[in-house]
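Per-chain numbering from 1; labels A, B, C and D assigned in written order.
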Amino acid sequence: MKQIALIAVLAATAVSLPIVMGENPYITGIMISVLMMAALSSAWNILGGYAGQFSFGHAAYFGAGAYTTLILLTLYNLNPLLCMAIGIVVACIIALITGSIVFRLRGHYFGLASIAVAEIVRLSVLNFEFTGGAQGILLSDVSLWGIDLNSKNPFYYGMLLVLAVTLGITAYLRKSKTGYYLQAIREDQDAAASLGINLSFYKNKALIISAALTSVLGSLYALYIRFIDTSAVLDLRLSIEIILTAIIGGVGTLWGPVVGALLLVPLAEMLRSNVLGDLLVKAGLVSETSAIGIFLKGNLAHAHVLVYGIITVLCILYLPKGILGLFRRVK
Amino acid sequence: MLDIQNLNAGYGEMPVLRAINLTIADGEIISVVGSNGAGKSTLLKAISGIIKSTGIITWNNELLQTLKAHAIVQRGVVHVPEGRKIFPDMTVVENLMMGGYLCQKDRQQNLDKVFALFPKLAQRRTQLGGTMSGGEQQMLAIGRGLMGNPKLLLLDEPSLGLSPLFTEVVFGAIRTINSSGVTVLLVEQNVYQSLSISHRGYVIETGRIVLTGTGEELLNNQEVKKAFLGM
Amino acid sequence: MKNKFVSIVAAALLVFPMLVQAAPVKIGFINSITGKEAQIGENLTNGAAMAIEDLSAKGIQVELVKEDDGGDPKNALAAYEKLVSRDNVIGVVGPYTSGCANVVASRADQYQVPLLVPAAAKEEITMKGYKNVFRLNAPANVYSKVLMDAVKVFKPKTIAYVYAATDFGVSTVKTAQENAAKMGLKEVANEKYQQGQPDYRPSLSKVKAANPDLVFLVSYDADAILLMRQAKEIGLAPKAFLGAGAGYTTAQFAQQTEISALVVSATQWTDDVNWPGAADFGRRYKAKFAKEPSYHAACAYEAMRIMAETASKSKNSAALRAALKTGSWSGIMGPVKFADYGGFTNQNNHPMLVQQIQSGKYETVFPAQFSKKKLIYPFKR
Amino acid sequence: MSFFQPLLSGILTGGVYALAGIGMSLVFGVMNISNFAHGDLMMLGMYLAFFAFTLLHIDPYVSLVLIIPIAFLFGYMMEKVFINRVIHHPHQNQILLTIGLGLIMSNTALLAFTSDPKILTTSYSSSAFNIPGDISISVPLLLSFLITSVIIAILYLFLSKSSTGMALRATSQNREAAQLMGINVAKMSAIAFGIGTALAATAGALIAPTYYIHPLAGHSFLLKAFTICVLGGLGSVVGAGVGGIIIGVVEAMSSTYLSTDWKDVIVFVLFLGVLLFRPQGLFGKKGGQ
């Protein structure tokens, strides 16, 4: 009961946030990024967290959604929702092929193979002509089928909806037979197989659900940014960011990915835009002309990826089970 | 001598051993018998420092739990693990040399001793460990343990999966090893064989010691007969 | 490193006193300080910093808000939206990469804050009719056009392409193919490569086997040197190597005289061009940053100068847009005017230059009105 | 065009790949960790070679006598301080830790050395000689191939004959059993990581005269090193050596006879093929987990 109330409050806050905040494109943009990363990481969590299959190639599904949508839109001007649906189909096909190859492998091999598949997808997109190759695809339209693409709110609610659906599926799976089977597979594949669980069926099921959701997010991203190329939507860095978010929040927990995204995305943005340095100066903690102030203003911009690396290392060393792992009761 | 008092151990948050008390005097063969999952292997792992434990394990009045696994080997407590765990891509001789990793000066002498005990290994010097049969691997595993100059040898299910013929060879070897002055702690499911060669024995059930006595006493015990010997 | 620190200190010191005076106008600068393009980004940073410094010496004050996009379009968009909504800038210079510039340009009309693109080459940025997007540099098609024009008189017959699989590489070669077709050049080899490979010999061997008159190259700093080294190794010797911008226009490349001699390249700017202040800028840049200025630095300098100068006279974005649209400037990049022509909107019809490495130095050799030296053709070692 | 030209240049380039792959394979075998910082460790070797050349005027190949011990110590310390703390954690945490460490290394290098690529030009950097059949052989590539061969031979002897080398192999074949032999497996991990780092840095230094030096330059070799160590069989030195040459030749052949831009795809397809049909690698033995 308490849980339902909490979720209701969270949902109400999320829904009303853009209205309360007003039209601030910068803040709304960051919130969209938070929701997108939370949803991506939650979708990954179904496969990685519950089935224990650590895919390092989720960028492939994100890219599949993004590319399918923009290619179909620019070439045939199809309905965006139809494009998204076809994107899901493409992602599922890639997932099925991937699954049939990589699910025979375990541990390190699985992770490495998933990288190889994603790299093959990336390089193919880069080499083909119809994908725009290295030039990427630019969507010139500012509105599509009555949706104003310049407005942030449709994307905010779109991402929120996908996140809600992903969390809903995760919550349902947790309590379902499939969920138990997936967790059995995570704990011990051989034991699960000996209990008569069809490993390949359930792993593929988790992968397809995860890939389909990831693909929808890719479509939304493509429509939101209106320009895609391989380095933005198919890069290994994206796959890693998704995993990092889940691990920092708490792998295999319902809310872990959300917590991870709420923390990491704003942090990355603050480091990127050097808001952190600005805030310290404004709060009067550091004088702008002092050596520290100058260093913060000048160098933090260069060092933000370094800081990101340090945070990653510290989290893995000191929070190996993620933030939610700290609070989880001992079973 | 080995003295264990109030030992608790397990994996992660799951306790396996509860309040174990056990002593072994120098020169004894002691058996710990019990069914699958009773905690026998866990006991050996706790002694050899592979897993953490609470309570007290002392060997010649030195507390073992503060030592790392490799330091415990240095004290002469050598563990021959369940499932042999020999190095599959190394030859027989290389496997044995690894057993003598800490006492390289006695290596040649120990190698001769092992080959005298298991002549079969001498014939197979250059064969890769992974390509040997289960029985041969068990001889190799015990031989490898002997290479480390053990004062106390911990044997985990040496007869598991072996043919009766190999089982005979292995138990014969254990007796020979013991008569050369090595104390032996034997963990077995083969209750009859192991108790027959033991001075004393312990029966372990779901992580607790439920019975103890000389080998003969235990073999004649009604409970033991019913539970393990099918009588 | 030390120089960079000095420049940062200098920039910070410059920004500070301005805050005290009656709030100067704010302009934004989006650049790739981190990520794959960071190296070129640094040249832009330096150029922009010098522009602000020069203006301040002339008593023109603006407050510059710097943003990093790391080469990621999503970050570039966030940076632009931060600049327009949180920092309230009236104009923005940047971003550097074509991908980021594309995304930001497509939002400029929404927020009505003028964007001046200093160095991104992709044509479509100024071909969508955006009212608030201005571009200083010449787009991709000019790189190949000017190179072909320079060698036209020698009547080459065949051409081979070797280029990086990047946006710039692919777009430039596409336009080069169009220009080559117009000249009746026959394409005998087309080798696209992924950056960062250690071994280009197989591709170059193929090109050598095709024996072309011209080898048209698009590469970045490091792979340019690698490619030319391996070309020398296997004995690839066409009548001319034509390098489109980037890697073939760096001082580092010119210093490798063994492999770079007589390579022809297209560039937006040289320090021996007869545009006002170009030579002086080159000298001062070298003194300040202890390295040769690249054309990216010059583009950023001029874009920042034009933006800051115009912004300081305009009090808001609308006035700034009008002033950019109607104004004309003359400086280290020659005459600048944002015009509508040939499908472009607010595009400076910048004449690109062709330079050749002669005795280890870049010499401007084409077009004739900007150059002192003559093109050496065919290429002989 | 001659068939032997790409074959030869593929073999020679493959030598450097092999060295990168062997370092990875050793770490993989002994510690069961996929080291995503391997490319950054190569970068470390490149800069060491560069500074040895420009500041101390030592030839990059000669500078290996300095680079190998420095890199070994660096790797040893890195294992002691960071890696060994996650040795019992799930794979993904280990991978993310090495990714994080890689980010720290490459971005520290960016701050310290800027993103301007450095070019190490030796007197022989672009020299080549011809052998009959109009085949040109690059002098620096040939030199680095020879050095690689010597290093692989030394490493092979070390692992098969020396006591420490054998203990490393024992640890990689069965960590728990190695512990029961009295082998200090924590120390073996640190040694393995040290050797892996030294090999990565050596590969970086060897490629420096024919490549460029940049904080992110090692990344191009990371996935190749993984491919090589899977191809050769984890922990197999000879396997990784042959794997490196196979990758070099496949790349050269596919860019000669197919197309340059698809060659990486072909390498990854090969990688998946090996994983599917021979997951123990070309030289790994069945049963050796």
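Heads up, the rule we're going with is that a contact is a pair of C-beta atoms (placed from the backbone, for glycine too) under 8 Å apart; a residue touches a chain by one contact, two chains touch by 3 or more.
Just so you know, these numbers come straight off a predicted model, no measurement behind them.
*Asks:* Of all the other chains, whose mean CA position lies farthest from chain D?
*Replies:* Between chain D and the rest, the longest centre separation is with B.
*Asks:* Could you put a whole-Å number on the gap between the CA centroids of chain B and chain C?
*Replies:* Chain centres of chain B and chain C, defined by C-alpha means, are spaced 74 Å apart.
*Asks:* Which integer distance in Å separates the CA centroid of chain C from that of chain D?
*Replies:* Roughly 36 Å separates the two chain centres.
*Asks:* Between chain A and chain B, what is the gap in Å from one C-alpha centre to the other?
*Replies:* 51
*Asks:* In angstrom, rounded to a whole number, how far apart do the mean CA points of chain B and chain D lie?
*Replies:* Here the centre of chain D sits 41 Å away from the centre of chain B.
*Asks:* Among the residues of chain D, pick out those that touch two or more other chains and give their numbers.
*Replies:* 107, 110-111, 261, 264
*Asks:* Listing for chain C: what residues touch at least two other chains?
*Replies:* Residue numbers touching two or more other chains: 34, 36, 165, 192, 194.
*Asks:* For chain A, which residues are shared contacts with two or more other chains?
*Replies:* In chain A, residues 123, 126-127, 299, 302, 305 touch at least two other chains, as defined above.
*Asks:* Check the chains against each other and report every pair that touches.
*Replies:* Touching chain pairs, listed by label, are A-C, A-D, B-D, C-D.
*Asks:* Which stretch or stretches of chain C touch chain D in the complex?
*Replies:* For this pair, the touching residues of chain C are 1, 4, 34, 36, 38-39, 41-42, 165, 191-199, 201-203, 205-206, 209, 221-223, 225-226, 229-230, 232-235, 252, 256, 258-259, 291.
*Asks:* Spell out the part of chain B that touches chain D in their complex, as residue ranges.
*Replies:* That would be residues 48, 50, 68-70, 73-74, 78-81, 85-90, 94, 97-99, 101-102, 104, 128, 130, 144, 148 of chain B.
*Asks:* With touch defined as at the start, can you tell me which chain D residues reach chain B in the complex?
*Replies:* Against chain B, chain D makes touches at 163, 166-167, 169-170, 173-174, 176-186, 285, 287-288.
*Asks:* Which of the residues in chain D come into contact with chain C in the complex?
*Replies:* Those in contact with chain C are residues 1, 5-6, 9-10, 13, 16, 107, 110-117, 119, 121, 125-128, 136, 138, 207, 210-212, 214, 216-217, 219-220, 248, 251-253, 255-256, 259-261, 264.
*Asks:* Where on chain A is chain D touching in the complex?
*Replies:* It is residues 48, 54, 56, 101, 104-105, 107-109, 111-113, 115-117, 119-120, 123-124, 126-127, 240, 243-244, 247, 251, 299, 302-303, 305-306, 308-313, 316-317, 320 of chain A that touch chain D.
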